[in-house]
Structures are given as C-alpha cells and as structure tokens.
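Chain lettering (A, B, C, D, E and F) follows the sequence in which the chains are written, and residue indices restart at 1 in each chain.
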Amino acid sequence: MIVCFGEAMVRLAPPHFARIEQCRGFDVEVGGAELNTAAGLVRLGREATWVSALPDTSLGRLVANRVREAGVGTDHLAFTTDGRCGLYFLEFGASPRASSILYDRKQSSISQVKPGSSSFWHGKKWGTFNWGEIFDGATWFHVTGITAAVIEDRDVLSEALSAARGAQVPVSVDLNYRSKLWSPDEAGRVMAGVVRGAELLIAGEADAENLFGVKGENFAEVAKQLADRFGVKHVAGTKRSTPLVWRNNFGAVGYANGELHETPTYEVEIVDRLGAGDAMASGIIHGLLDGDFLKGLQYGAAMGAIKHTIPGDLPWIDKAEVEATMTGQGLRIKR
Amino acid sequence: MIVCFGEAMVRLAPPHFARIEQCRGFDVEVGGAELNTAAGLVRLGREATWVSALPDTSLGRLVANRVREAGVGTDHLAFTTDGRCGLYFLEFGASPRASSILYDRKQSSISQVKPGSSSFWHGKKWGTFNWGEIFDGATWFHVTGITAAVIEDRDVLSEALSAARGAQVPVSVDLNYRSKLWSPDEAGRVMAGVVRGAELLIAGEADAENLFGVKGENFAEVAKQLADRFGVKHVAGTKRSTPLVWRNNFGAVGYANGELHETPTYEVEIVDRLGAGDAMASGIIHGLLDGDFLKGLQYGAAMGAIKHTIPGDLPWIDKAEVEATMTGQGLRIKR
Amino acid sequence: MIVCFGEAMVRLAPPHFARIEQCRGFDVEVGGAELNTAAGLVRLGREATWVSALPDTSLGRLVANRVREAGVGTDHLAFTTDGRCGLYFLEFGASPRASSILYDRKQSSISQVKPGSSSFWHGKKWGTFNWGEIFDGATWFHVTGITAAVIEDRDVLSEALSAARGAQVPVSVDLNYRSKLWSPDEAGRVMAGVVRGAELLIAGEADAENLFGVKGENFAEVAKQLADRFGVKHVAGTKRSTPLVWRNNFGAVGYANGELHETPTYEVEIVDRLGAGDAMASGIIHGLLDGDFLKGLQYGAAMGAIKHTIPGDLPWIDKAEVEATMTGQGLRIKR
Amino acid sequence: MIVCFGEAMVRLAPPHFARIEQCRGFDVEVGGAELNTAAGLVRLGREATWVSALPDTSLGRLVANRVREAGVGTDHLAFTTDGRCGLYFLEFGASPRASSILYDRKQSSISQVKPGSSSFWHGKKWGTFNWGEIFDGATWFHVTGITAAVIEDRDVLSEALSAARGAQVPVSVDLNYRSKLWSPDEAGRVMAGVVRGAELLIAGEADAENLFGVKGENFAEVAKQLADRFGVKHVAGTKRSTPLVWRNNFGAVGYANGELHETPTYEVEIVDRLGAGDAMASGIIHGLLDGDFLKGLQYGAAMGAIKHTIPGDLPWIDKAEVEATMTGQGLRIKR
Amino acid sequence: MIVCFGEAMVRLAPPHFARIEQCRGFDVEVGGAELNTAAGLVRLGREATWVSALPDTSLGRLVANRVREAGVGTDHLAFTTDGRCGLYFLEFGASPRASSILYDRKQSSISQVKPGSSSFWHGKKWGTFNWGEIFDGATWFHVTGITAAVIEDRDVLSEALSAARGAQVPVSVDLNYRSKLWSPDEAGRVMAGVVRGAELLIAGEADAENLFGVKGENFAEVAKQLADRFGVKHVAGTKRSTPLVWRNNFGAVGYANGELHETPTYEVEIVDRLGAGDAMASGIIHGLLDGDFLKGLQYGAAMGAIKHTIPGDLPWIDKAEVEATMTGQGLRIKR
Amino acid sequence: MIVCFGEAMVRLAPPHFARIEQCRGFDVEVGGAELNTAAGLVRLGREATWVSALPDTSLGRLVANRVREAGVGTDHLAFTTDGRCGLYFLEFGASPRASSILYDRKQSSISQVKPGSSSFWHGKKWGTFNWGEIFDGATWFHVTGITAAVIEDRDVLSEALSAARGAQVPVSVDLNYRSKLWSPDEAGRVMAGVVRGAELLIAGEADAENLFGVKGENFAEVAKQLADRFGVKHVAGTKRSTPLVWRNNFGAVGYANGELHETPTYEVEIVDRLGAGDAMASGIIHGLLDGDFLKGLQYGAAMGAIKHTIPGDLPWIDKAEVEATMTGQGLRIKR
C-alpha cells in the first residue's frame, strides 16, 4: 500500500477556452498533487491510499466519490466539520495567452487539521490521523511541498514523516513550490526538513535555487548538490519546453549515485496539462518500488506525456498504453 | 436613482436536477438579494445602482459584468484585494426532495469592508463608500437582513442608514433572515435598528416571531405590530403555498395605515425560484415610488410569479408582460 | 403521393426556458406547418412530398437535410438565389409566462416565388413549380393559410389550387390564421378562395368568426356554416384547454354531413407543443385517405397529443404507438 | 458485508425527452438492479459488495469506475475476455407517451459466466467466483430475477444460493420479471427455486400470478400465499399509481407473520424513475438487518420516492434526508 | 445510380478527448465505409443508394434517418427483426496518444443476412435483396473488405458481385482490411475473389503484402502486381503521414495502364479523421464515372483532406469548396 | 469618452467545427467592428460609448445586454421598430477548410436609420441621433467602412463626420472592405470622403489598391500615398500570415510622418479570430490618445494577438496581460 498525503480541490474550468469572466458554465474535475500521483500508481497496478480531510458537505462527498472512482483507497480520508472545500478555477489558454489558475483554497478542511489529538471528526468519531495504523504495511509515502504549505500547523506533517521513518517506509517528496502559498524563505526552511533522507526528491532547477540557494550549470549539478545536502537517494525532474500553449515537449531526467539518466522527449498535443508532473511522479515511484530508477523515469515520462491528452487532473491511462508509448507505437488510429 | 446595497455571489448549480456530489458541470449565474431587486427595478424602467465590493479577480469581474448586463449601475462598486468572491451551490429538487443551497460565502470582499476610512481599494485608490455622494439625488435605498448579517463590522450598514436618513431617502428593508448567517437573537437586535423608520418592511410571519417575538393570528395582526413597534409605514409579505417542488402558488400581501391589501395568487410552474422574493420587492418599491402601495403589491406579485419561470436569480422580465400577466393574458403560445 | 406546399423555417430556441435576451446558445430545429403535416403522414406509412423554395446556402441545405431525414420527398424542392432562409425564435415558458415566438421570416425564398414563368433557380435551371408534374399521380394536396399569407404573389397559390382541382386531387386547408402576417380582412378574402371546395377544412371557432364572420354556439354550428358556405366536405378542429403551460388537454372534433364527431381528450405533459396541430392534420388526412373521417380524428388526436412530448416541430412518432395510445396503453415505463 | 450479485449495464439516454431516432447525443449512466440496491445500502451506512463480471475494455472499466464511485465494493468483480458490455437505451417520455427502454444486453460478460471451474479471467488469473470466500463474513445476499434470467448457465446462481444457505447468510430476492428475457413459465420454474426459503421476497401481484399462478384480492392475500408456498419470511411490494408520466405516487407495503404493513404514499415529481424499486429494496434490507421490517418499509418507501428525483439509476441519497423525508420536512428550499 | 453495399454503425464518442471510462456523455454519429462513400458521391452531385439491413428498432431508424439526411437513397434498405444495430465507440486522441476504436458490431442485422431466399424482413415482407432490381440502371457498384468480413454467409456478397458483373456494372473495391474482423489469410482468400476484375481497387501497401503477399519498393510496384494478378484496371491508395495526432498530411496516388499519378499533399488539421479514406473513394469514383482517373484522384485527395475537418463519418462537403481547395483558395476566413 | 458608431449582429456558430447544415445547436455571441473596438478600449481603461440602433425585440435586447456587459456605454443606443436584428452565421474551419461566414444582415435597424429628422424611435420618443450631444466632451470618433456600407442613406454617416469635425474630435477609420456589401468602386468613392482628414486610417494593401487604386512595393509605400492623398496622419495595418487555419502569425505595422513602425509578430493559436483586427484598432487608438503611435501599435498587436484566443468577437482581455504579453511573459501555466 502506497500512502499519499495532501489536499484535493474541486476544479472549475470554463469549457472551450472561455475566460472566467465571460463564462456561463464550469466543467467540474477533482485534483490534488498527491491524489493525482496515487491515481497514477493505481493505473500502473499498485494499491494506493489517500490520506486527507474533506468537509462533510456535498462538495466534500463529490471529491471523495471521484477519489474512489479512480480506485484510490479512502480508508484514511476524514470528513470534518472544520473548514471548507478547496476550489480552483482554471482558464485554458492558447498562444500567446498562457493558461492560468485562480486558487480559492483558504480555510480548506485539510489546512485546519491539528496534530496529535482530537482535532477533527472522522467517521463520526472525533480523532486524528492514526499514523501508526496508516503506515502499518505501507510500502511508500508520497507527499509534496503543497501539503507542507497548506496545513497551517506544521507539526501535522512532521508527525507523519516521523511515523513513516519510524516504520521504515521510503519517502518521496515533490518540491512543488507554489509562490501563492508561501515565500521561498519559509518554503526553504520547512522543506529542508521534509526532504531530508527521502528516497526520491522531485525538484526543478529554479525551485532548487529559489528555496535552497542551490545552483548549477545543469540538472546533474543541481541534483548532486541536493542529494548530498539532504541525504536523498534519487533526484528527478521534468524536461519540458513550451514552444506553444497547445504543444509542448516533455520528458524526465534523474540523478542517482553520481549518474544522470534521461528519457526521450515526447512531443505532446495538450488537452489538459494539469497533473502531468504528478503522473510522472507515479511512474518514477512505480519504477523505484521495483528497484529500477531508469524504468521509473521511463514510465514517468510516458505517464506524464500521455496525461497532457486527458481531461481533468487524474491520469486515466492504461498501463498497456504507457508501455506501448514507451516503445513507440505510432500515432495512427487504433482499430 | 435607487440605491441597493448588499452582496452578490457566483451561483453554481448542476444542470437537470443532478446532485452536487454526482455532477460533472455547473451552470454559472450571479445573484444577491439587493442586486436582484435592483435588476427588477431596472426592468420596470427605473434607474438603480448597486453598492458593493468584489475581489479584483476574474470571478469578481464575472459578477460585475453580469451586473452591468442587467442594466444596473456600477458607479459605486468597489474592487478590493481583501476577501474572496462569495459562492453558493444550488441543487434543484423535485418532490419529495426540496431544492437546497450550500453557501461558501465566508470572507467575501463585501464582508470585510470597514466603515469610515481607507478600508478597501476602489478604482485603484484606497477609500471607502462615499455615502454622501451615493445618496446625492437618490430616490430610494434598499437593503436586506443579509447585508446586515454578512458585513462583519456592523458600523458599515449603520453609517449607510444614517446617511440615507440624513438625505431624506426613503428606506426599504427585506428582513430575509438566514439562520446559517446569525442567530435569531443577534438578528433581532441588529435588525430592530435597521428597520426603524423604514418606508417599507418586507417580512414573513415566522421571521417576525423568530426575531422580534411578534405573533398574531394572521399577517394583518403581525404587520400592524411591526408597523407600530418600528414606525414603519408599509409592511409587505409573500403568500406562498408549496404543494409540489415544481408547482407553487404565489402572491403578495401588504399592510399600511390599518388596511390590508392582497393580490390574486398565481399558480407557478417553477424553473428557478431563486430571487422570486427579490423580484417581488422590486415591484413593491416601483409602486411606492409612484405613491401607490396596492399597485406595488400587484406589480410585485406578478414580478415574483414570473421570476419562478426564468433561469438564474435575476428577473429578466419585460414590463409589458408583467402588466399583461396582471390582467390575465392566458397561457397559450404567443405568436 | 401526398403533396404539401408551404414554408419551413429554421427554429432557434434557448434551452431550458431561458429568455432569448439572456441566452448563450440556441437549439436548432426545422419546422413549417405543411412540412410538419407531411412528416406526420410519412410516420403513418404514407408517401408525402414537400413543395417549397429555399435559399442556396448552408441554412437552406440545413432545412433540406432535415426534410429528407424525416422521410419527406424533396423532388419538388427548389434552391433559389432569391431571398433568405426564414427563421423563428422560440422562448419556452412556464406558468404564468406563456411560450412566445419572434418571427424573422420576411423576404424568405418561398415568399419571393413568382407564378407561371422563370422566377427561380431550380436544380441549376431557371424555372418554376411544374404543377402538372407535381400533381401527376398525387392523392392529396395540403396547404395552410400561412402559405397563402407569406407568398407575396397571390397567384402562385391560385395556380397550385387550380392545378390540383384540375387533376381531381382532394385538397385540405388548415386555416392557421397568423395575425402578424396579415389582417383578418385580407385573410378572409384570400382564404375564402383557397378553402372553396376543399375536402377538409381545419379551423378554430375564433378564426372562423375573425376571418369569415361565422359565429355559433359551438363547434358544430360554426362548422356547419363553414361547410355550407364554402362547399367543404369535412370540417375539423382541436379541443384544447390550457390549465398550465406545461400541462394541457388535447383532442379533436370534426363535422361532416350534419354529424359531429369527437375524440377523447388526452392529458398532455408538454415538452414542445409546436406542430401539434399539424400532427393532428396528418392523422385526419390519413383517415380520410382511407375514407374514414372518425378514424382520422382519432389518429389526429393521438398524433397531436403525442407531438407535445417530442422536441422540435416534427412528429417523430411511431404508428404503433399512435395506435397503442388510442387504445389506452398506460403510462408505465415500457421495458 | 452485504453481497449483491447481478448484471450492470451502460445506460444511454438522449437528453431532454428526445426520441432515440432523432438524437445527437446520449447521457451515460450505469445501472443494474442489484448494483442499485448495493449503492442504496452504502448510502444508508452499510458495507456492500457487488459480484459480477465485466469485459476487460474501456466500457467495462467505465462500469467498474462508477461502481467504486458509488462506494460499492469491487473485490469480487471479474474482468473477462468473454462477452461484451450490456447496454440499454432509454427514452424519457411525457404523458401520454410512456418512457421506454431498448435493451442491447445479449452476450454480456456476466451472461457467459460458467459455474464451478476456470470459466473466466479474474484479476489476470483464470478462475470462477469463489463463493466460499465471498460469503465469508457476509451478513446478507441480494439477488433478483434478472440475474436468474441473464446468466445462460442456470447452475451459476444455484451454486451461489447453495453457498449462501450453507453459510447461513439470509437471502433477499426481488422477482423483477422481465418479459423480454424469458417466458413466465420458465421464470416461474426457475424462480421457485431461487425464492425458496428467502428472508425477503419483493414481488408485485401481477408477477405473482403470472409466474406462480398465485392470485388474491389484494396484496395481503397474495403475499400470504407466496410466504406459505416458498417458506419466505417477509414479502414486500410497491404501491405505485401513475396519473401522469411526470408525477406518480409511491409507497411500500409488506407482509410478515400474518400482518400487513403499509407506509404513507409520497407524491413524486419524476426526474428519473429507473432504480426506484431497487432503492426501495435497499431500505427494506436496511431495516431487516436491524430486525425491523416496518422500519425497512419506511426507509424503503422514502428511498424509492427520493430516487425518482435523481438522474441515473443509482440512489445518490443522504441518509439524513431519507429520515427528514420520513418525518415530513416540507418542500421549501433548504438554505 | 451508384450502388453501395455494406454495414453502418451508430458511433458513440465522448466529447473533447475524454476517455470512454471517464465520460458522462457520447456524441452520436452514424458511419460505415460504403455509406460514407455513397454520401460523398451525393455531395459531388451523383445519385447513390445504400443497400443494407438494419434492425427494426429506434436505433435502426436513427441510422436510416441519417442516411436519408445525407441524401443517400434507401430504396433497398431492409429493416429486419434479426440481429442488432452495430455500434462503435471512439476515443479521440492527442499526441502521443492515438485515437482508438472499440467495436461492438457482432450480430448486427447486416451480418445475419442470408442469400437467395427468405432471410429477412423487408418492407413488411419476408424476402432478400433483389439484386436484379438493384442493379437495373446502376452505373457503379462499390463495396469494401468490411462487407466481405462482416456478413457471416459469404455467398451474399458473391451473389451481389455476380449480379453486378452480369449487369455490366463496373465494380470498385476498397480493401479496408480490419484485423479485428478476420485473419489476413481468410481475408486474402475471400478478397481475391471480390477484387477480381474490378474497375478500381483501393489498397495500401501493407495490406497488399499482408493479404496477398504482394511486395514492392513503392506504391507503383505493388499496384502493378495487384492490377496484373487480379485483372484490375485502376489501383489507388492514400499518401498519409502522421507527424502528430492533430496534424497529418494527406494525398492520393493511383496506378493505371503502367502509369503512376500523384496528387499534391494537403496539410490537414484534424477534427475527425474517420471516413477520410471513404471520402477519397467517392472522389475517385466520381472521376472514373467521367472517364478521368487523374481527375478522380484529385477530387479524392481534396474530399479526403477536407473530411478530416468535419465532425462525424459523413463528408458534409460542398462540391464548390472541393474545387476551390483543389485550386488553392487559401486559409483566410471567407466572408 | 470615445464614440464608436456602427452595427452589431447576433452571431450564430455551430460548436466544435460542425458545418451549419449538419448542426443541432448554435453558440450565441454578439459582435460588430466598432463595438468590438469600443470594448477593447474599455478593457484598456478608457470610456467608450456605442452609437447604434437595434430593434425593440428580445434579440435587440440580447445585443444591448451584451454591450453593457462589456462595459461599453449605451446612452446613445436607439431601440427602433424599423428593421430587424442583423445576424451572421459562422463556421469554424480547419486546414484546408477555411472558416466562413454567412451574413443575414439586410434590413437591420441601423441600416434603416435616416438623417436629420424623426426617423426612429429612441427611448420612447421619435427622434434621431443627436450628434451635438454625442460629441460633447468626446475625445475620439471611430468608424469603419462597414458602417458606411450598411446604412442605406449615406447622409447619416456624413452628418456624423461633419459633427465630429466641427467638434474637433479626432477620427479613426478602419477601411474594412466587405465585398458582399458593396462594390470596390462604390466603396472607393464613399470611403474617400470618410477617410479624408482622419487622425488614423487602418487599411490593408489589397483594399488600398482595390478601392483607391493605390499600389506600392510594400506597406510603407502604400501608406505614404494614402496619407498624402487623404490628409491622414497615421496609417496602420496588420501583418498576418496564415500557415494553418489554427495557427497564424500576427503583428501590426504603422506609418506616420514618413516613418515606418513595426511590432514583433506573435505566433497565435486560434480559438476565435473574429474581432482580432478590431481589438488591434483599440490598442492603436489607446496609444494615439496618449500621443504615442508606436505604443499604440504595440498595444494593438498584443490585443489583436490575444483576441485570437478568446471565444466570441469581444476582446475579454486584461490590460495587465496585454502588457505582460508585450514584454514576453512566456507560455507556461500561471499559478
């Protein structure tokens, strides 16, 4: 069982590239970095559970229903009467107008969770996340910098990480820095603790410099420093270029034990690029669980590339088509 | 110029009676009690302006665009960087399942407005509502109990009411008690001050008892006591029966100077009953501005009845069809 | 082959009861009185052809495509470069707001047709309707007062009627008076000529009085006078009551040879009442073609009643379900 | 854990009352009698699992995703390479046109399941339903006559029933006779074996006569004979009247130990009546699991009534609103 | 009259690139290789009739209605009570995810047709296709390998081909090999007989090798061998490259009398590429009917290219715009 | 206050690239060259009013509502009982099929306006445009060749221009030649008078030659001649290349005082290219109002480029994003 811990939001997006201010309807999706990765792992044949809190309202149930639809476990999902359901509003763009996001996630239920004692209502009983039970039999723990940023009480995540380490569960962290949530300074300070000793760190070069002051000529140099400073075994990143809003190039790069690995780059036509990085993370974790980082990067690059073609944040991808994409199946219609 | 002061929200509702937790899309409308009434007055040929605050985001602009679309003035509409855009989620029901609303309006921009000094950002300058300018040349001031409840600092509304009274602008108040916003006690205490001396009070019997402890055998008895206690000239209410969710009966009743006025009752087939009471208010104010309370009730009943047939909160109604409805034009297709 | 002659328009209607002035989309249907009747006859197993003219544009082709989709013949449908495609805008209502129609049909191609010589472009050749060829082998000719009103040159219809009479083809006329198209006086003058000698006249009591000054206590009295004055064999009318916009009662009534026939009345829940009278006409003609007026009224009442439940102007009805409705099959779901 | 065994289909229905032959799009839902009941039990706070087989295709996954979304367990759901995904096409009607269904379910995966040995592909291994494991810890087994009809090899259901009886798991059977699936004779012969010894039999009077030749003046007489003949403890049925297609009256009736129980009747406005009987079944089982048949009928009647108001076959109903409906909460909008 | 013989299916595709397993609605189109070609010929001003069989259900009527809408003749279309309506489910892709199709066409009505005697219900009478009558006055017969594959009884097509040859009607065959329908061996054996003596064979190089073992360096070499071996006058193929899923290059190539003809290649932006090859076939046949193969290839290339831009399988293309495309009219908006 | 004078139409376009003749629904937008420019100026922070006439119908109100929604002033918008609402039908294309427009604007209300005396109904009073009042305090007057073409009585525009000149209001003219409205000869003759003495002329090289016989090697040569011949201060044009229907390159070029200015070219992905030139015009006028032609061209190029990405004719663009685009903000998602 892979444990993913974080927030999910209801996503509201006007159809067909409309601006929010002119729109008359929103398509409704559900997404959240760790949830997206959990869903990706399920698509690759793994079992994953999503630890989070949602308000006990129709919106909270909407999120939970979609989590279950994706095959992700909800045994440790709490329904609380504290806080609201996080939302985000998405405008799809076209060159030269980039897509853009308006967050409305303050006071979300997960952000109000408190550590260690009766802080929220769970299955009709007041309680808290029972990390001991959660990590019992777990094979992996995945979290991102967003979780670190949104939960107001920093001790909640610390408690989770301690429990994971205590249970010898390998940890992956996607840095995922969001400037609207916290400052680089605060993020750097907090994330240093989160990242320490991780099996896998996913980080871009810009964030590495921004949060940790780590600079280098290229990904390998940056990754090496991150690995050394934080005692991280594997460091991974995306290779993305953005010639147009509707067409990007996407691949993965990784560093471990002094070695750099790189996947081919896919030319992607973009239906919905939200969650592409999270889908990549699921591929990398999938490989590492089999003890094969390069395989992980390859699955991750293909998962991430295909995700660009699927509406919503969740990676509704077949394992078979991931593998067919990795071996170059071509773009003709499949009959 | 009629001045209406209050909050408007973006309304999100699944199409075709779907539950929120199962839905894949929301229809987007904009509504708010005082805004709806302002729009109704515009449809009846009056000029109305809506005083409010919105966040300076795409959602805030969405609301403002729709306000202008309805022909309501926005000269005193502020865009602020404080607070968010209020939202509400609506589920349309069918017997025996009533329609229901989930509010997500906490921390809205208007709720954060402060009185008397530089509290928000308006037209690129920090400032506040300039009530003197707002009421200059105004012919009426309309507000509801919702405004009283949502603005955290109670002095904002007091300031507005003082300014209106100072400028001899007649005031109408729709009690509009919402139990999710405040307790009956608090509402009763605050609204007593708001209502005092109003030209028009719109109130239901249940709220009158609930907030003010005023009881009676019928509307006339209750209205008389309200009029006497608060020095209110006209008291009005709705006559509604709810045999089914999709079919109601709707009319208006009013009390003034010891006399009870009643309109006929319309059998309404319900497309969207949100804003029906606010549409009724616009009809009543329209009549009072012509010095004719009974006319007002008749316009109000017809406006309210027709509003049930129109999607969204705003009364997209023709004055001509209001009058045709009042004179019984029949239900056959108009070619 | 049954020949139906008249105009069809593209119909634009906002979905879900929206007002036109607030709408963001139109559903597109195609309808026209004689076309609707032709389609109804096809559904009852007859062959029917629609004589008309359309502009040689994408809108004209849209209409023609839909005519063919309904199984109606288009051998005598002309594409012209004169005139535009008639349109009408429909607002669906709910009590107490009636549905309403805004016509935009001026200068339509059919309205510009001229009699007797090269007046329009047909199949790449300039020509006119060849009534001799059209009525060769025809078993019936159906037309309504709308055709009489919209074609600017009155001789076109006269020519058609003469040809039909010459070919011994029985004629049916639905009075279908539209006050937006012409005055009662002009309509009465023209329609007197159209109606004369018809096998079937469909007329309501109000129109009979309005156009011809024919009055009576009831349908029978009116019908008798119409039959006598114009030498018409069968006179038929609808029985409709309109308790609500979404629920009507519908049946048929007919007079012939001094006898009154009446069908039961169906309680109808209304999805789309446009074309109900035209569907009824198809049922009556169907019966008369079998020499059985009462049967015709019974088919007509059922066709008309069912039409209220079907989106669009065209009667997508199964003959089998017409007959099941006539024999009272019940309202439970058919599995 | 409650075990429900049966088929689910993808349901395709044109929006807004369109006929299938005129439609340009289908709304997609998923439904099946036993699945619907399982979902209802989950909504009432019970754990339920759905035993079935689906093709290993995108359509099969669509069904499975929706099953999980509804919170129903899929531990014993098989993906096979035998057979196709059952479909049904639904036309929504309006008086006097009843709604109707076109089934396209032949050769569905579940219909091809074979008993006792390697007959289908399950979780990548060839196998069969392991009834011993399935009923281990089960508290109830629910099945309907549809399952008996669609699985070509009758031994599959026999095997399941034997296993349930062996494990002392109480059984409920909804007769659910479908004339398109089998003859009354064959159904009577097979269902006699299925029903025998059931804790609960849900049956209508017409089916009782049709299948078993059991007649009576009223439900009580029929139920008594069914109970006696088949050794069934509780017999339940619906009370439905159908004045209009969009408005029915709905309640439940039950017989046990010589006593007749009846619930009040709800006036229902119909959004989607599919699955109402299955929702009722979930309420009755819920009561019986608490040892209270009357409570079950009351929950069942309310569940069934509310189901009419919800799009799709699945009962997206809150337990709280079921209870509020049972105590008469009224039809006004809930704010 | 051009005779086209084959199957059509209802096509169900989720809008906006959604995966089938996540979708909530399907767009409904109708398509089939020979039907698409018939429709293309009608768009080019020819008369064409479609010979096929459909179930006598609302789905069968849906197909027939659309066939008529496209202007294709249905005089020889049978409605049967044997078999179901073929369906196919389409997922639109984006690079690197190709579009894909899930067929559900087994047991379709046309597949169950039997030769020579009372095998299906046609216009209320049991009978079979009357090939003598069908080919009376026919100018062309078009069929594809799909027809050969789906009709279970191989004699049906043989009978049709014999009748065509007997009536001196030129035959065109599009090889259209579908691996999900039959093996290359069986297809090769059957198609050898179908192709023999054809006026036109449309075949790709891969299929030529796969079915007939014919190899060559280029299209000309392969085409020459096919022409020689099967006594075929004209051999044509598509030139397609697939740099991206949303952008292809498309043209036509042909071989006759030792000469190779090639059209320019169009860069196509892809809305819906289904039916592009069939549209090309209609252009080629159009040219050959005028005795001009090169003209046919040019019309075919333009028809095929434009088809990529039109939703659905049918080529809603104007002859005028085909010709404008052939002469390079440019891509600016046409006002 | 900037004064813009012209026609607006209701635009009807099938969604998702459908042909008009196959479509079942239209998206509804509102557009018109001068209105679009007025809206663009409002988005850049200017005040603009739109002078026009509309029919006093639901369609006329639809247009007016949208004008107000866009923040454009309607103080001088007349509602008349003369004429109809102009319409245009738009088909979105894809390579090699260009987008295309079908106009249905004859007899529009604005086209029927007469100069100088009581020719239309305005705010319940018969009257005409009061140009004196309109230009009182105006800072700019914008008009295009479309206005010159559509108003049947040429004196109306002359009157407006005289009034503007009399009030010293600078004038901009976009040549906007539409061959469907008038011949090059007539347009050249009329536009010579309109253009004379303008502050800004927007004209393409083809139209300059076509209407005025002005030729040159490049834009600079043509612009110089236009400036000289008509006494125009600034001449501007678009730089557009059209490699594909969905991807264009777009920039602006200008000439003044012997100098040529050019902006960078944006690669645009096209959602909706209608109104791009009008959006560019708003940017140029914005700059000229600040006395800076180059700035105007830069704003114009960015406004025009971004407009391609927004559904509808109106430029729902943020001033901030215009400026960010001008400084190259990149195409990554904005969080």
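Rule of thumb we're sticking to: a contact is a pair of C-beta atoms (placed from the backbone, for glycine too) under 8 Å apart; a residue touches a chain by one contact, two chains touch by 3 or more.
What you see is a predicted model, and the numbers here were worked out from it, not measured in a lab.
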If a chain touches subunit C and subunit F alike, it appears here: B, E
Far-end chain from subunit F, centres as C-alpha averages: D
Chain located farthest away, centre of subunit A as origin (C-alpha): C
Centre-to-centre distance between subunit E and subunit D (centres being mean Cα positions), rounded to whole Å: 43
Shared interface positions of subunit A, touching two or more other chains: 19, 21-22, 24, 65
Residue ranges of subunit D touching subunit B (in the complex, touch as defined): 15, 247, 266-271, 302, 305-306, 308-312, 314, 316, 321, 325, 329-335
Complex interface listing, subunit F residues touching subunit B: 65-66, 68-71
Subunit C - residues contacting subunit B, complex: 16-19, 21-22, 93-101, 103, 178-180, 242-246, 273-274
Footprint of subunit C on subunit F - complex, ascending: 12, 19-28, 57-59, 61-62, 65, 84-85, 87, 89, 91, 102, 104, 106-107
